[in-house]
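In structure tokens below, several structures.
Common to both upcoming complexes is chain A, partnered first by chain B, then by chain C.
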Partner chain A sequence: MSARPSAFGGTLRAIGWIGLGLTAVAVALSDFLARAPAGATGVGPMLEAPSEAHPFGTDLLGRDVLSEALHGLSVTLGDALLATLVAVLLGGLAGAMAARLPNPMSAVLRWLFGVLAAIPALLLAIVIIGLTARDYAALAAGLAAAPFAFVRAFDKVDVKSTHAEYARATGISSTTLLKRDLTYEFRDTLAQTAARALAAVTIILSTLSFLGFGSIPPGRDLGLMIAAAKASYLSAWWTAAFPALALVALILFARLAAGLDEGERA
Partner chain B sequence: MVDFALRQAGRFAFGLLGALAAAAAISVVPEAHGFGPYLEAWGLRLLSFLEFDFGKSALTGMAAAQEIAAHLPATLALVTAGGGVALIAGVLLSLLFATGAPRRVASLLLLLLAALPVFCAGLILAYGAAKWLAWPVSVNARMTEPASIFSADPKALQLTLPAVLTVGLAGAAAVQLALRRATAASAEQRFRTGLKRLGLSQIEIERFYVVPQVAAGLLASAGEIVRALLAAAVVAEWVFHRPGAADLFVKSVALRDWNMAALILFVFAAFSFLADLLGRLSAFALVGEAVP
Partner chain C sequence: MSACLIEVSELSVTAQGAARPELDRFSLSLGAGESVVVLGEAGSGKEALLRVLGGFPEKTEAIAGSIRFGDREARSIAKRPRPAIRTAYLPSPQSKPFVPHASVLSQLSRVVARKLAEPPASAREEIRLALERLKGAPPLSALNHVPSKLDSVTMAWGLLAACLAQTPELVLADHPFADIGPIAVCALLDALAAEQKRLGFALLYATGTLQPVARFAGRVLVIREGRVVEEGNAARLASGHSHAYTRMLFKAMPKLDAERPKTRNVRGQPLLQVHDLDLAPGPRRREGLTFELRRGASLALVGEEGSGRRELAHAVLGLERPPQGRVVFDAVDLGVLSPGMTLRMRRRIAFITGADDALDPRMTLWDTVDEPLRAHLGLSSDLVAGYREAALKRVGLASYDGRRSVASLGAFDRRRLQVARAIVGAPLLAVVDEPLRGMDAFAQTILREVLSDFRTYQGPAFLVITADFTVAQALADDALVFHEGKVVERGAIVDILKAPKHPHTKELIKAVSLPNLSLDAAAG
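Up next, the complex of A and B:
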């Protein structure tokens, strides 16, 4: 079923990785590029429209929206990378391993992750934060995204592949087969799996912050910035529009880097 | 068919049991300290859950089941209306962008749509409604009398439409993905060549063989679509200040009313499992085989 990516798909993937690279550069240089430190109020007049002095305008507390968006992007990306690591290790790796485990163990794991995957990831993340603390938002987002990574990785392993049949017929152990899968197939798709998880956890993390379960001020991420802009954006669109654009760009680049899905393929 | 139905029913029952166990595990968290007492409390709570005793809301003192019964209809109305929008928009878009260059444009549009978090979509719709249509919006104020989704009153419609569209947009992305996945799978089926050799025209093949396959693919993804709609309802109720079960869930977790939060989580998981079951059975009935 896995078709080779088309030239169009390859171009989109390259755009995604370049976009992610540029985002990483912007984040690395955020303290240098930003015109004001994170959370600095009264940098300009209240709710000033985009101008030469403040290209993205200012918010209700006179904060420079460009500087705040850069700092917010930095917080969002940092948390999202941590969450991606959790989702890939706990979901992707466990899914790939579970496919080669003996049937009863594999069935129990599938059932456990299947139950968790039936709960919308956002709700699962909210519960995990409620049971722990808002400081663990990145961990919660990673844990909430893990069941989907598990299901995806599990489904990717072809248990009836020619090499698996050959291994069984010649008495090669499941452990050896698993090592082979992890060395070749999991490694080869790791970047793609990680990019897909990055997009998913970024959406979860920003929504958590928007609902008041994510980042804690003064360390504002993009979701919290947009939540704060809710009070003013109907009269001052720039307070929400630029942080939202930065957020959508990050998610879009990650999705492009992951490559098009079976259903998304052009 | 009977074998398949029994397998799916078993899967549904095990799924519900797992969701019930997870809900019981969440609801006893504040009550028990230490692993042993926690396990004991969890077992007892699971037994009372199995007897349909879901405890009381820590905030209102009402039975949790009664509380959810009061809030669920609003969420279900939002999800149903959003689901309708999702199906219409998703299917129409699929027909418009089915082949050739439009399919490429659609794949980019779909990527953009999927990259837009639901709360951003909600805020954009609210902005459009307030600025360009001069409609009343409820993003910054709780409605004293929340408008009914199925009301014929134009003002009620103006207040509810952005929320319904927000949920519908999230659902449309899921519907589109399911349809395109099913189309991609059917494009690789060997029966196409065989039917062509038998002398059937492209239109006949599409109409009598491909459409049922694609429809079955969509039905088999019903659980996935319902999950997208429920998650979107949580955000839409929060953005537009609509009191429903999803809004109640967020407040219950924030205020540590774990009985309530656990029950809502179980109900949402049950809807997801039910949609999975019905979708897979309908897909099987449509094409006579299990759809992955």
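Up next, the complex of A and C:
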């Protein structure tokens, strides 16, 4: 059973969920909040510092950075949600189910996913993209984050607990025990698992785009925006700083919503 | 009485949000070397008293009153002062005082080292010396295992030795031997009494049962709802000239009745047949165990922990395949069944255990009772609700909110919930493993009645596993007495009580007979 969070931990998680909610609202209203359509060049002078007309400044092609950051956030969040779904289903759910499989099968799966979880998720995502196509970056990020979620969900199931032994002694099958896990453990921690996966896949997706393996222009996510600002960053900090700030905010809110356990990995 | 060691005045403890205080203007004076037994039900305030005196009250508890240590000035307890005398706390192994991944010895050594401000190696030596002094205690090496590998008795000896190694002036014993068999409890209580005499520490012993009352000669405080009902020595309280609550409490204590009329032999079909069973692995060393349990009959397997009775119960449940012999349940040999078929057979066997973590703490009260019905029979929701309500009514849990989680229930309620879960399964056989372990007198009485009611109205055969002859007599008619892995005596319980033959049987009966407390007078 998940431990009851402290009042401080509960407040942090509430802040995380509120932040994610506000981010979702900003994404939903991005077309209204943005001052220019996605990718519109020459909206203002080149590399203009933040001003009243362009609060986040403009980039090398005269694009409004605020508008671009909003559109980029929308692309990033859309891809990240798809990847989160993949990570939760193939990681969290499959891990909880695999723990209740007959012993040799569950041991092999735990070993296999343990090995995969030990490989840096970014490298795994690049391999998957290499084997498929760049269009599948979201799927690749989800698959890359799944092993760690699998191991985490698997290890959370206490197959040798006294109550499981008691249940087996009264004729309760492993299927019913799995149903218990899904009804209580997985359901109660689903939001937390999803938030944790959202933070992980956002990092993977943005890094993929930054390295040129992710988002394909003209659709630009935040990672690609930061990569494009490499040429101007030293002279015009705002071109990369504001997209990076949006990315940091999204990841931070997701981590806060998942609960910042001490010593926990993403 | 010698000089006053500790004096508590007008102590009140109220948990956050509670309607009434756990302790209500409680006063106590304890002299050096004196022993006081605090007797009461669970939730009577004993636990709160020990927490406050030990200096570890809950943060959310509101505390009022004053405390004085020896000749020092009285201080307000609201300021939560640390004890100004050497105080040792003696918990029960059932309260899970150890973390699971370190050895018991290393954990005890750390506690003693911190208390004595000595290195762990010295503390370990102190524990070794304390164990050597305790008659019947295991050697130090027996404690060098993680808690899951140790039985309750060994852990209790370890906790006692660690407590004594602190050379305390005051020992706070918090139901220390509540979940242990009576022979071991006698040995532990004798050892504690002998060490108290030798070291001269004061003892405050919280309990819900009579064994400590019979063993220690000092005062007994009867406590109820945070207030002292009565105070006096054990003989006076048991005399019958005491407060009505005290008389009720003494009456509720389990006792042996050798004069009880013998029950009629059950003549049903054999339900469980055990043929030539030997549970010890390796080459055969002795004659196997053979017995039969008929439908509706009852049999108690009486023996101390480690005597082999639990292995037998596991073989009956089909959880372990015995190396030698056969177990036939309902005319089917469990040894030839596949794991899947064994699982199906177990649906007709109820299992009620004294382990408090037997039920899934995440589940709700209703789901816990519904699960066997849904999983085994696939009944409609209406039928499930009907059976569930009837079962919960039988065990006295019908008034509880069914959406409450098992984790929010107390040990007594969880035990009753196990019985409700057993009732809905309509079993042919109920394996009942130390069902009253760790319960106070009233809870034991109610559980005995709930289990007797289950047996009377539903008629399953009962296989009772216990170390306590009072439990065996309350729930079964016949008994097999186990000692060191073999049966040393068998027969009707009434006959065994009247004329026990084997020395171990005599020892088991003696351990639950309390001759210095005239219980019959109290009952009258």
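As a working rule, the second predicted complex is superposed on the first by the 259 of 266 C-alpha atoms of A that agree within 3 Å, B and C clash if a C-alpha of one lies under 4 Å from a C-alpha of the other, contacts with A are read in each partner's own complex, and residues count from 1 in each chain.
Going forward, a contact is a pair of C-beta atoms (placed from the backbone, for glycine too) under 8 Å apart; a residue touches a chain by one contact, two chains touch by 3 or more.
Remember, it's a predicted structure, so these values are computed and weren't measured experimentally.
Asks: Quick one: on chain A, after the overlay, do chain B and chain C clash, or do they fit? Just give me the call.
Replies: Superposition result for chain B and chain C: clash.
Asks: Check the residue A:224 against both partner chains and state whether it touches chain B (first), chain C (second), both, or neither.
Replies: neither
Asks: Please work out whether A:201 is in contact with chain B alone, chain C alone, both, or neither, and reply first, second, both or neither.
Replies: In the superposition, A:201 touches no partner, neither chain B nor chain C.
Asks: Just to be sure I read the superposition right, which of the two partners does A:96 touch: chain B = first, chain C = second, or both, or neither?
Replies: Neither partner.
Asks: So in the superposed three-chain picture, is A:244 touching just chain B, just chain C, both, or none of them (first/second/both/neither)?
Replies: A:244: touches chain B, not chain C.
Asks: Hey, is it chain B or chain C that touches more of chain A?
Replies: B
Asks: Quick check for you: in the superposed arrangement, does A:168 touch first (chain B), second (chain C), both or neither?
Replies: A:168 contacts chain C only, not chain B.
Asks: Looking at chain C, which part out of 59-67, 77-85 or 113-121 clashes with chain B after superposition?
Replies: For chain C, the listed stretch overlapping chain B after superposition is 113-121.
Asks: By the touch definition above, which chain A residues appear in both interfaces, chain B in one complex and chain C in the other?
Replies: Common interface on chain A, chain B vs chain C: 1.
Asks: Please output the residues of chain A touching chain B within their complex, sorted ascending.
Replies: Touch residues, chain A against chain B: 1, 3, 8, 12, 111-112, 114-116, 118-123, 126-127, 129-131, 199, 203, 206-207, 210-213, 223, 226, 230-231, 233-234, 237, 240, 244, 247-248, 251-252, 255-256, 260-266.
Asks: What residues on chain A touch chain C, complex-wise?
Replies: 1, 161-173, 176, 180, 183-185, 188
Asks: Within their complex, state which residues of chain B touch chain A.
Replies: Against chain A, the touching part of chain B is residues 14-15, 18-19, 21-22, 26, 29, 103-104, 106-108, 110-112, 114-120, 123, 126-127, 130-131, 137, 139-140, 176-185, 188, 223, 227-228, 230-231, 234-235, 238, 249-250, 253-254, 256, 258, 261, 265, 268-269, 272-273, 276.
Asks: State the interface residues of chain C toward chain A in the complex, per the touch definition above.
Replies: Going through chain C, the ones touching chain A are 317, 319, 343-351, 353, 355, 357-363, 367, 371-372, 375-376, 407, 421-422, 425.
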